[in-house]
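So that you can tell them apart, the chains are marked A, B, C, D, E and F in the order they are listed, and the count of residues begins at 1 in each.
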Amino acid sequence: MNYKKVDLSFQSCDAEYKDSQVVLFSAPLDTTTSYRPGTRFAGNAIRVESVGIEWYSVYKDMDLKDYKTSDIGDLDIPMGDVKTSLDIIYETAKSIIKDNKKVMMVGGEHLVTYPVVKAYHEKYKDLKIIHLDAHTDLRDEFLGMKLSHATVIKRCYDLVGDNNIYQFGIRSGDKHEFEFANAGHTYMEKFTIDTLEKIIDEIKDFPVYITIDLDVLDPSVFPGTGTPEPGGISYKELLHATKLFEKLNNIVGADIVELAPKIDPTEVSTAVAAKTLREMILLLHQ
Amino acid sequence: MNYKKVDLSFQSCDAEYKDSQVVLFSAPLDTTTSYRPGTRFAGNAIRVESVGIEWYSVYKDMDLKDYKTSDIGDLDIPMGDVKTSLDIIYETAKSIIKDNKKVMMVGGEHLVTYPVVKAYHEKYKDLKIIHLDAHTDLRDEFLGMKLSHATVIKRCYDLVGDNNIYQFGIRSGDKHEFEFANAGHTYMEKFTIDTLEKIIDEIKDFPVYITIDLDVLDPSVFPGTGTPEPGGISYKELLHATKLFEKLNNIVGADIVELAPKIDPTEVSTAVAAKTLREMILLLHQ
Amino acid sequence: MNYKKVDLSFQSCDAEYKDSQVVLFSAPLDTTTSYRPGTRFAGNAIRVESVGIEWYSVYKDMDLKDYKTSDIGDLDIPMGDVKTSLDIIYETAKSIIKDNKKVMMVGGEHLVTYPVVKAYHEKYKDLKIIHLDAHTDLRDEFLGMKLSHATVIKRCYDLVGDNNIYQFGIRSGDKHEFEFANAGHTYMEKFTIDTLEKIIDEIKDFPVYITIDLDVLDPSVFPGTGTPEPGGISYKELLHATKLFEKLNNIVGADIVELAPKIDPTEVSTAVAAKTLREMILLLHQ
Amino acid sequence: MNYKKVDLSFQSCDAEYKDSQVVLFSAPLDTTTSYRPGTRFAGNAIRVESVGIEWYSVYKDMDLKDYKTSDIGDLDIPMGDVKTSLDIIYETAKSIIKDNKKVMMVGGEHLVTYPVVKAYHEKYKDLKIIHLDAHTDLRDEFLGMKLSHATVIKRCYDLVGDNNIYQFGIRSGDKHEFEFANAGHTYMEKFTIDTLEKIIDEIKDFPVYITIDLDVLDPSVFPGTGTPEPGGISYKELLHATKLFEKLNNIVGADIVELAPKIDPTEVSTAVAAKTLREMILLLHQ
Amino acid sequence: MNYKKVDLSFQSCDAEYKDSQVVLFSAPLDTTTSYRPGTRFAGNAIRVESVGIEWYSVYKDMDLKDYKTSDIGDLDIPMGDVKTSLDIIYETAKSIIKDNKKVMMVGGEHLVTYPVVKAYHEKYKDLKIIHLDAHTDLRDEFLGMKLSHATVIKRCYDLVGDNNIYQFGIRSGDKHEFEFANAGHTYMEKFTIDTLEKIIDEIKDFPVYITIDLDVLDPSVFPGTGTPEPGGISYKELLHATKLFEKLNNIVGADIVELAPKIDPTEVSTAVAAKTLREMILLLHQ
Amino acid sequence: MNYKKVDLSFQSCDAEYKDSQVVLFSAPLDTTTSYRPGTRFAGNAIRVESVGIEWYSVYKDMDLKDYKTSDIGDLDIPMGDVKTSLDIIYETAKSIIKDNKKVMMVGGEHLVTYPVVKAYHEKYKDLKIIHLDAHTDLRDEFLGMKLSHATVIKRCYDLVGDNNIYQFGIRSGDKHEFEFANAGHTYMEKFTIDTLEKIIDEIKDFPVYITIDLDVLDPSVFPGTGTPEPGGISYKELLHATKLFEKLNNIVGADIVELAPKIDPTEVSTAVAAKTLREMILLLHQ
């Protein structure tokens, strides 16, 4: 007899790397988190939780089992060393992109988006970024640091420049961050995502990277995150967004970030993240 | 002096069996639960919690104290023995029906609905079932078993046949379950309950059994359940449903299932279940 | 070298008393709570949590740092001695009013509102009260006591009389409490806050005290309270109310009550309270 | 058919009052608690938990089913009104004593011991009190109140006087409280219970009331209490104490107090209390 | 580039099956659990937790990395179908034994021990069983079932007969279970494990299977289990047992059972189980 | 009237800096934590909790109110920037030492000990360090970093050299760390603290710094820490250590580290830390 080793890949994402179109990895970085840390545990929490979810999405009428996705697990990054951690994420994304596969990343804190965007921007100079979040993340530095969860979209802006970042659901930040957006450097819809459809129509032929900070959701449905901001969107609205994304003709990669599973005693936040991840993986396969 | 023994009947439901029109019992079965078990504790959790709720419902302008309801507690069923457990539930329901009283059951997992429906169907051959749930529960078998929380509505279908089951709020299941519904065997409204009023108008003169899997609610308001499905209805929508039910001329019995009170650290899910139960008991008295 | 003592004032509310326009204090009374106690811990929980919130409100486009607010901490009241506790709250409010500052109180149970209203009513004989709550709080006595969290609005009514109390979001109480309101003694909107704007237009030139029992919110967003009532308003609706309040020309003081931070394992309720407090402080400074 | 009403008596303690030798009641008072309240929920939490415990005690080789114990439930006392609450407890104890039954009380806060001791002292003028606790409870007043959880043993002392109170496991209090004990008014063993056997030998022919504040246990085994004091005794030591108590020839009544079941996420504290209660009931039947 | 699929084998137990001397699997059965279920989640919880533990044991001065252990994950068993589940466990154990490897099983409820003992007993007719537990598990049937967590050691007894089962730490059960042991059918040390060394000396040349119900530990150190029994052994005592086991010359297999990781908010119970598992794996490699 | 600003100094430690002999600060660094982060919240959690503890220690027969201690709060350090954070801690300690006051630090992760030891070692070249911990913390680097919670004692060793570090209670680490200690570079007692008294006798006339990683305690009494290690010392043993420390003639400073208050749902760990802190402050005043 032979037995296979334990396989805790995310639900039905158990293809070998070489056979896959989409590569799932998690980036357990939460070093610069300013309030409640713990997003480092998100990847494996979602994997274990995914045993309990359906592989079929009635929203997309698609089935995870019909697509080749590889889950390569948590990247091996050194806690407390931000620079090395970001380098490892960058190299991994770079390598996946080179192999003509799409990146689906699970954070970690939002800062992990930066090295992936950097890797994509090297390939797609006209990259557009759709950003769902409660927070602007547009500080130029935070607590004296240039690389922080609170500066990540500003760092992406430094790469892609004006008119390429589209922010939705924003409801918290410093005054000057809102002024930066208001000055036209990014497109920003405060509080809601009502203009998402219009924006998608405008940019649908560009290469697009989607970054979802799950704290865009109201804390009622997603309490398990470091800095909950009441007044967010509902899960039905987020689902609606994932449907609208189908109109984009060239989604190059995506991430969901900021699940902190130890702040989630009912595990509902983890369920929300797992089901959002299922929708996003299916989206990348469309 | 004489003192009465402790009475932990559900709020104001302390009539003797013989004097009551509605009989409340709880069925502590959670044997076939595939993800997080624990619904066996629901009945007594609701009883103890009910000390803290009002007996008056401003929604119905009715008062539990004005009606005779008997609470006969948890049925005594053997953990791990599904068949015997279902037999006990069936015999209890049968007996209550024979005594011309109405059954108000608290689950337990959803499978407990089957023996009660079976008992009612023996009396009412034209029985209609209204089913609120996140899940289709239409599998023909699950993990090799015919009797499971995931097959319960299919088993009820085996009894009542086509055009007698009305499903609302459904958002999770296998593809073939949705195909079964789409083929016309059951009426199914996905995601929402917008057509409930129309359906109630159609079936209002039939005998109707109502089964509410509380996970039809969004996990934001009802996290305390085994398989939470984000994207559900709000509590106000569920309240609205309980108002619409008033138009039904012959509600024969009802249940609420799938509260798992140990996955409920704030006890809000238990409060939701207790208040829903108050509304349902008052409904059965109308 | 010199070091300053630890300062855990609520976010940016670190002015000295004499320099402030608004004075924040917390009243750690939860003696008459009939179900789950614990609101006594609210003040300090909010203070510590406030380290993690922004001082800028994008809703009001105002910044806590631009205004002088003094946080004088928990009042020193004796647990279990209701009368003395209320006297201490009354004397504090009286003194702050005399110094021409505004009271911003954090409960504690709702009963703490009574002594503050009493102090304000002595100055403003035409005082109006806006009351957001899940519960009527209109009992004349509760468990034999005249002073209770369940009687507090009735006690305020005894002071201000007919046509001066405006209740919103109410969805729980005894039948006779609703009858009392229906008889015209108070204005009451059940379940929702849709008529708040109209009422504000009517009373905008009167002195107004605002008391917000945070359980007016749905338990999905605010589980951390003693008697959660599903079917409440959303946080966006509460934010909308705080925007409407800007039309009032003479808000004399305000409170938020009934946060029980130990029933809040994700700390989301505390975050909700802290952010509501930020909005209310800014409101008092307008 | 007839069905009996739900019976949630403590495990196997379902005798009618008139037939019982021991009467169990719970006193849900936690009004004067100075730190974390919540002991009001202890009685019913223990009842529901007791479904899961054995009726046989291998420690005593006795079986709850072999003895007649009546559980009359939570006394109906008004939250926030200390005096009335204590009167009700006193009258209940008085009445049970008059009926020649023994009181087994579950707190509530420790103050509930006072009215029971008062009732017993009226019958037994030479009453001795064995007191296990982390705290001295010997203040003469606390926060200005004579009747408080922190003064309860002092109040008992006012009744029974010098040389009648025996305290064990004490490790927290004000300096003057220890001085009071050191002056010989009470017998006090600090930290441990090593001299319990010796004391029992001395007083074994007196009428003895035993009051166990469960926080005498180390918080590792009993975290679910308002003011945990590390450095307490182990559960095995408490069991040993309950064995030593068998040498007392006239135990007239007993209580266990200060379980706060909502501070007990693993429910281990509730299990500890339930099993201690089983041992104490059996002890009263010896 | 190539990336390996996610590997969540228990710490350093990532050998292929064919190369291993010890095979680790988990058996997610908790169907017959009579009180709090949830042991089905133990295996994966331990795997994820094991990221945070040392591979070196200072107790054994051995290192997991120096030995070949294969972790084949959760067995795929159908929730609610006890018989099929036990068959699958039996076949797996049988197959591993045939391949001359040792079984290291993680429960699940204690019933999972029975099929493994059955498989071993077919090979070793003189098999001895060392059993650490709070509970006797010697009922002949429980709730009408012969196969139950409460009957498992009786079922093993039916296989191995008198004088082959050695029970330690026992402190809960029905009276007749203790009488069965007292009649000499099993060796039983109540409460403690003081005679373990003596017994080990007696049976050290026999084939021995070790089954550790982790609730033998005091709930202070291991709260995360369905039926906690205060008065258990300390972790240092359990470590001492694992040292004593080194004297056994022929340990054929072992299990640890009854971790319920969702009743473990601090995750300490899971850490205890993971570290015990490390010691037991190293023991099997000696 | 004038009101003082809120003062949340640790219990009775409200002296001004200039008047104090002992200065308490907290260092909210948890950047290099490799498993569960969250020690950054320890300082303020202890402050708020300390409202509920006695100022009198019966163990020391001393009273916090009789001594001048200043609590200067959380140091203002940038999350994610280890080097700057350590510099700030170093400068603060240096300055306090220069002012002839003693440092009492609350971590944070254990790495915070290093800058304080560095500051003390600059003054006391013959400094001895007593180190209570579950972990060796003797790695030379960890995850590629020289400055880490896992290397902190090795970094201190780099300063003070052979024969100056005394480790107790150690039970986890890599093999080579134990070999480093065994080679005589540090004194190490594994598992227990039995030789502490002997060591104290030897070094009692040297300047001594005491660092207590609270995970030296068994997780049963102190679950609220990032990497719990079962098999630790009891709280009574830790208390005994604090008594033995009284024999040291020149304790120059001390710290307690690694409380993670969000992993502490019963708040018992925070109570343990607060009471240990009370003992340590009193010790520094002797």
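Points to keep in mind about this one:
We adopt the following convention: a contact is a pair of C-beta atoms (placed from the backbone, for glycine too) under 8 Å apart; a residue touches a chain by one contact, two chains touch by 3 or more.
This is a predicted model, so every value here is computed, not measured.
By the document's definition of touch, common neighbours of subunit B and subunit D comprise C, E.
Common partners of subunit A and subunit B, by the touch rule above, are C, E. Distance from the subunit B centre to the subunit C centre is 38 Å, each centre being the mean of its Cα atoms. In terms of their C-alpha centroids, the spacing between subunit A and subunit D amounts to 55 Å. Multi-chain contact residues of subunit F (touching two or more other chains): 34, 36, 51, 218, 220-221, 263, 265.
Interchain contacts give a graph that is no line, ring or star and is not complete, per the touch definition above. Across the whole structure, chains are in contact as follows: A-B, A-C, A-E, A-F, B-C, B-D, B-E, C-D, C-F, D-E, D-F, E-F.
Listing the residues of subunit A that touch subunit C in their complex gives 34-36, 170-175, 178, 190-191, 218-221, 223-224, 227-231, 263-265.
Across the interface of their complex, subunit F is touched by residues 51-52, 54, 56, 58-59, 61, 63, 218, 220-221, 234-236, 239, 265-268, 271-272, 275 of subunit E. In the complex of the two chains, the subunit D residues touching subunit B come out as 1-9, 14, 16-18, 23, 25, 44-45, 47-48, 51, 70-74, 92, 95-96, 98-99, 265.
Every residue of subunit C that touches subunit D in the complex is listed here, in rising order: 30-34, 36-38, 40, 78-82, 84, 143-145, 148, 262-263.
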